[in-house]
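Every chain is named by a letter (A, B, C, D and E) in the order it is written, and numbering of its residues begins at 1.
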Amino acid sequence: MERQIMTRISSQAEAAAATGIDRHHPQNLVELKNIDKVYPNGTVAVERANLDIAENEFFCFVGPSGCGKSTIFNMITGLTEHTGGELSVLGTESKEARKENEIAFVFQEPTLLPWNNLLENVSLPLKLRKVPKKQRHEEGERVLELVGLKDYTKSLPSQLSGGMKMRVSIARALISRPKLLLMDEPFGALDEFTRQSLQDELLRIWSQDQRMTVLFITHNVFEAVYLSSQVVVMTPSPGRISDVIQIDEPFPRGENFRVAPSFSQYVQSVTSSLEH
Amino acid sequence: MERQIMTRISSQAEAAAATGIDRHHPQNLVELKNIDKVYPNGTVAVERANLDIAENEFFCFVGPSGCGKSTIFNMITGLTEHTGGELSVLGTESKEARKENEIAFVFQEPTLLPWNNLLENVSLPLKLRKVPKKQRHEEGERVLELVGLKDYTKSLPSQLSGGMKMRVSIARALISRPKLLLMDEPFGALDEFTRQSLQDELLRIWSQDQRMTVLFITHNVFEAVYLSSQVVVMTPSPGRISDVIQIDEPFPRGENFRVAPSFSQYVQSVTSSLEH
Amino acid sequence: GEEGADDATGAEEEGSDTEDGGEEIEEVDLVLNWFPKSQQGGFFAAQSQGYFEENGLGVNIEPGGPEVSSVQMVSSGSTEFGLAHADQILIAIDQGADLVALSASLQNSPQAMMFHEGEDIEDFEDMNGRTAYVESGIPYWDYLNEHYDLSGVDEQSYSGEHATFANDTESVSQSFVTSEPYFMEREGIDTETLLVSESGFDPYNVVLFVEREYLDENEEAVAGFMEAFEDGWDYYAEEPEEVNEVIHEADENIALDELEFETETQEEFVYEGDAAEHGVGHMDVERWSELIEQLEKIDVIGEGIEAEEIFTTDYLSGS
Amino acid sequence: MERKQEERVGESLTLPNLSQSKPAVNQRSKMTEFVRRKALQILPSVTLFVVFFGAWELILRLADIAPFIFPKPSDIVVAAQGNWVNLLGAAQATTTGALAGFAISTVLAISMAIILSLSKWIEKSVYPYIVILQTIPIVAVIPIIVIWFGAGIQSIIIVVFLISFFPILTNTLIGLNSTDQNMKNLFYLYNASRFQTIFKLRIPAALPYIVAGLKISCTLAFIGAIVGEYMAGIGGAEGGLGQAITVAATRLETPYLFACGLTASLLSVTVYQIVTKLSERMLSSWHESEMK
Amino acid sequence: MERKQEERVGESLTLPNLSQSKPAVNQRSKMTEFVRRKALQILPSVTLFVVFFGAWELILRLADIAPFIFPKPSDIVVAAQGNWVNLLGAAQATTTGALAGFAISTVLAISMAIILSLSKWIEKSVYPYIVILQTIPIVAVIPIIVIWFGAGIQSIIIVVFLISFFPILTNTLIGLNSTDQNMKNLFYLYNASRFQTIFKLRIPAALPYIVAGLKISCTLAFIGAIVGEYMAGIGGAEGGLGQAITVAATRLETPYLFACGLTASLLSVTVYQIVTKLSERMLSSWHESEMK
């Protein structure tokens, strides 16, 4: 398994040096080149991160708490500015990318509008795009059913359990078919059963949609290996990308992959990479 | 392993019938007798829950998202009223119990005061008990170190990552030595490594303190088995306690338990109980 | 407020004991009918010349204002002496106040309707078809309405400012002939006035009054005050400029030239007419009775007030 | 959210929490319970009402103060009865002015707050002038208002507007700037337009602040109407409570003056209650301040 | 929190976001950058100032309106210079009254809000009376205030209090009732006393609301002081701007009247800015409304 740990970092850096840092690779959906992030209070959250994310990949990010995973997501979506390096998203600047309406995301916290019921909450992205009400609500019911909340369309967020809120947030991200889907620990608050069914649902959606790229943060190494085409391993203080591990297993994946020996080997290799 | 699944429910119900429902067993720290909870909007969150929790036990609660785990915690702490049955906590009514200053808890959401720095946040319970500042801060630094945040004493909550916030919340619960410690998915947002070290830390604190009882909600069956003396399995809609599984493994537990065959047998039995 | 009243009564007891010694000064309050003006020149003169002290009184002059009701303050006992116009005093008495008028500083009312020069207003009825700024509830307006047909007047609240009047050359505004015309002239607006008293409604103005109970128990103090009052007005007649300086000091917002104009125009109201014959402050029962009748007729007061009982000229030397 | 309810019944009233802990009580007819609750709700107000007015009447009776200096409640009632028709007419006129001005304030203040909140730059440059506008004493500008708009209802409405505009503006602005950052991020990432962010996020989130502003302003509106009538009103009978108060003051009819004052109070308390009810409607499902 | 900053520079000013995307710009001296920022911050205010007063002067010059009807800025300056000493004295008197009343309002309103927030029961019974108190027209009660407290600073402070008390009270109360339920649960479970819950949780959490109330009230305080001075009648310098305005109005000295009015504005804008700075201090570290 060790062979499969690719030392992408150095090769990417070389490639960048060869082509000049201002040249974009249009085939890459997201490109991080020597990205630094220092927060105003001096915390170095991310240091010299390099990463090329091609179309239709499924990247999982793993790393200890506070290592900068959410920060990387925030830089990609343009919610926070990187303080060094170059970043391109959907072939443009990160702050411009959202204007293409091709990004969806699940924040680490559920972030629901307390005054809207679940149906209105999940159909918000469509509402903002002025999709007609009828269609919006049909889609909303579809995704709520997907996350097992179809009986709660009229409930308010305050009437939900923690895991249910997170599922609403996931449903909201799944209502459109974005090119780039970012999910920050979406399944952390869910039980194993719900989690697995949502994992399979997510994989199904991703495989069907030939152009969707998913970036996914998780603390669960099994989940990372099961879902992703590549696992990005990060180390803390300052946050660096220490490894990018390719999971060479064909999709669709199913229960048989979970019990395959290769699965636990991948898990081992990610775990050992995490521990170093 | 199957033998060890105790059908406590029926035996408890019988015992209750025999002694009369208004008789308290003083040796039990927490007693639920036929507890119902119907929310004002009609949701039946918990139905006929029976549970006796003796001193110095470690109870883990597992069950699908939305099955009523947090609701049971809220009833025990008196944050929400049960709508049927009888509940005694620390030998008194649940709303009185907090007055003994013997309860600590970790909410499902971090719940930090945004205007206080971490040291002030974790030492809040001591401040409310008017412990002198010096001692309070010493204790605060101790628990922050425990959760790996000793470099962040002066930071504000808004400057933390999701997992870090949760760790602050855990540290706050650990600053006093309560008789009853309730933790609602405390380790959900943490990576495996941090999680395991906090698990061991928690077990160490619990074993040392001969009178502490811990109630712990988790979605991680491994965690439940590793930590607890009893695992409470719940089923959803309406939330019922379907099983209480005793984990007959001596404390202190360590890495050797995790790899022991009995461990995976326990895991299996909890998992299968969850799936039914 | 009330403390002041207590102090005063306390001082009064001592005062009456030692009056013969002439050393004790009795502290009393006088509340004016408006901010300091020449109208109250006699009082300021008495104060600055020490006439009050000579009569055993220490007088604290409190200015009035739009919402300061001197009749209420005197009735409630928070001040001893007050200034108000005769119609206001009658209204208070009608409402149950037990007041006694002691002297009238202005024999006639300088209250007038002011209009832009050249406007064709000779009579009150000429106000019809014009806007009139009149204080809500002021009795003379009811009187005019009773005696003239003013149905065509566009009546608006008078709030003490004159920009709106200045802006509308056809409008009419209430005024005191002793003040407003001068302010207007200074801004280059020439005005004419029509005295309200020409209608026959002519109450005494700036009338000094006390509560009856106070009068009964403090005759000496009242007598002393009245002596100072007369001396004060006499002094004011001689040295108005000097006294105007004092008034200006009490309220810098009023300028010396304005005081001077007022002094000149009010001279006939203070010193002429009945005052020429009987002395400053003179009042007689006919004038009071006439006013009572007029006010009764327009329903501003009820019946039953006897002119003889509500004033006294016992403390005036001339009467 | 639930504990709140209990606290109200259990702790605040310090009554034993009968309804929950003893099953027998649950059997009690809901009707009785309802009546008991309502009675308990009204009781304190009624008690205070009786105590307050009783004490007022008593103290003044004992102190033997003349009604024209400080009237007793009974004097006020008599005066109000005697001038019933006038009082009603005046109240109506004042209410019209106050409500019209309040409505204009609400619309303009919220619109202005939205414009200011669109950018810090606009806020920084324009807001100080609004503060100046707000603080220019009304007494100083009334003449100009009257010159431009003529005495009467228009001018009164403008005075009401001037005095009730600012609290709504300030509160709304602070409310609009208080939106939770996570939610703003949500809208930002979903490429919401400014317009959508304002109307679908920031205004709903600011509602508790806006409501506080409305509560303050609706009482100020009546104060403004009375000041306006006092200074810029049409004289004579058609005037509102402002005129009535002035007339009562010159005539020293203090009991009637108090009757007018209390009527003004009552009117604004009524409007205040309506605003409160509306805020309950809008907020009770999700905001702490109005949750049951 | 960070996006906010960018938005201000990048979107609101619609300037190219130079400082971030081109490394070369980062080399620029920080000083130049600082000066440029400050200039940009002040620029809009200054521009508006010039435009506003310029337009005012110009329009009135062209329209040839008499200064006593609507003065030009130049007339106002001349009037202010001519009465410099009076104006200063009056401003001082007004400031004293306004600040004293505002201070009393702040203390009493916050204390009262705390008491009311202790229980729904107290709130329900007492609050309506406070609303009534607030809405009783000041014109109606000033005579009584003057009788009891005498014409002078005491009466003015009371008028200021009456007008500036309510906004702080209402806002503080809504703020105290808006505390996040999770945090209240936290304090409840840790057995915090009422006192602790109020002072360590509910008041800090309500600060944004309290600050909004203070901002409204500090401007109302000056309005109150002027109304009080206008009505309560104190002569001379102690009469303050209110009396100066009254006298100027009767004497048709409109330019001086405007000078007094603008002085009042300036004073309250200054106090307003102080309150704003204080609120930034207290809130900038954690609340959206003041975060940079």
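Here is the rule we go by: contacts are C-beta pairs under 8 Å (C-beta built on N, C-alpha and C of every residue); 3 or more make two chains touch, one makes a residue touch a chain.
These numbers were taken from a predicted model, which means no experiment stands behind them.
Engineer: State which chains count as neighbours of chain C and simultaneously of chain E.
Structural biologist: D
Engineer: Can you tell me which chain pair comes out on top for contact count?
Structural biologist: D-E
Engineer: Find the geometric centre of each of chain B and chain E from their Cα atoms only, then give the gap between the two centres in Å, rounded to an integer.
Structural biologist: Each chain's C-alpha centroid was found; their separation is 49 Å.
Engineer: Counting in whole Å, what is the centre-to-centre distance of chain A and chain B, each centre being its mean C-alpha position?
Structural biologist: Going by mean C-alpha positions, chain A sits 31 Å from chain B.
Engineer: Once you find the CA centre of chain D and the CA centre of chain E, what distance in Å lies between them?
Structural biologist: Inter-chain centre distance comes to 19 Å.
Engineer: Could you put a whole-Å number on the gap between the CA centroids of chain A and chain C?
Structural biologist: 86
Engineer: Give the residues of chain D touching no fewer than two other chains, as numbers and ranges.
Structural biologist: 1, 3, 69, 139, 143-144, 147, 185, 188, 230, 246, 249, 287
Engineer: For chain C, what residues touch not just one other chain but two or more?
Structural biologist: In chain C, residues 67, 69, 72, 76, 161, 163, 167 touch at least two other chains, as defined above.
Engineer: Please list all residues of chain B that touch 2 or more other chains.
Structural biologist: 39, 78-79, 109
Engineer: In the complex formed with chain E, which residues of chain C make contact?
Structural biologist: 1-2, 4, 31, 34-36, 62-69, 72-73, 76, 78, 160-163, 166-167, 179-180, 183-184, 186-189, 249-254, 258
Engineer: Which residues of chain C touch chain D in their complex?
Structural biologist: Its residues touching chain D are 67, 69, 71-72, 75-76, 88, 91-92, 94-97, 131-132, 134-139, 154-157, 159, 161, 163-164, 167, 300.
Engineer: Taking the complex as given, what residues does chain E use to touch chain C?
Structural biologist: Result: residues 66, 68-69, 86, 89, 139, 142-143, 146-151, 230-237, 239, 243-244, 246-252, 254 of chain E touch chain C.
Engineer: Residue numbers of chain B touching chain A in their complex, please.
Structural biologist: 39, 41, 43, 62-66, 69-71, 108-109, 155, 159-164, 167, 184-185, 188-195, 219-221, 271, 274-275
Engineer: Given the complex with chain D, which residues does chain E contribute to the contact?
Structural biologist: For chain E paired with chain D, touching residues are 1, 3-4, 8, 11-13, 41, 44-45, 47-48, 52, 69-70, 118-122, 124-126, 128-129, 131-132, 134-141, 143-144, 147, 163, 166-167, 170-171, 174-175, 177-181, 184-185, 188, 208-209, 211-213, 215-216, 219, 222-223, 226-227, 230, 241-242, 245-246, 249, 254, 257-258, 260-262, 264-269, 272, 287-289, 291.
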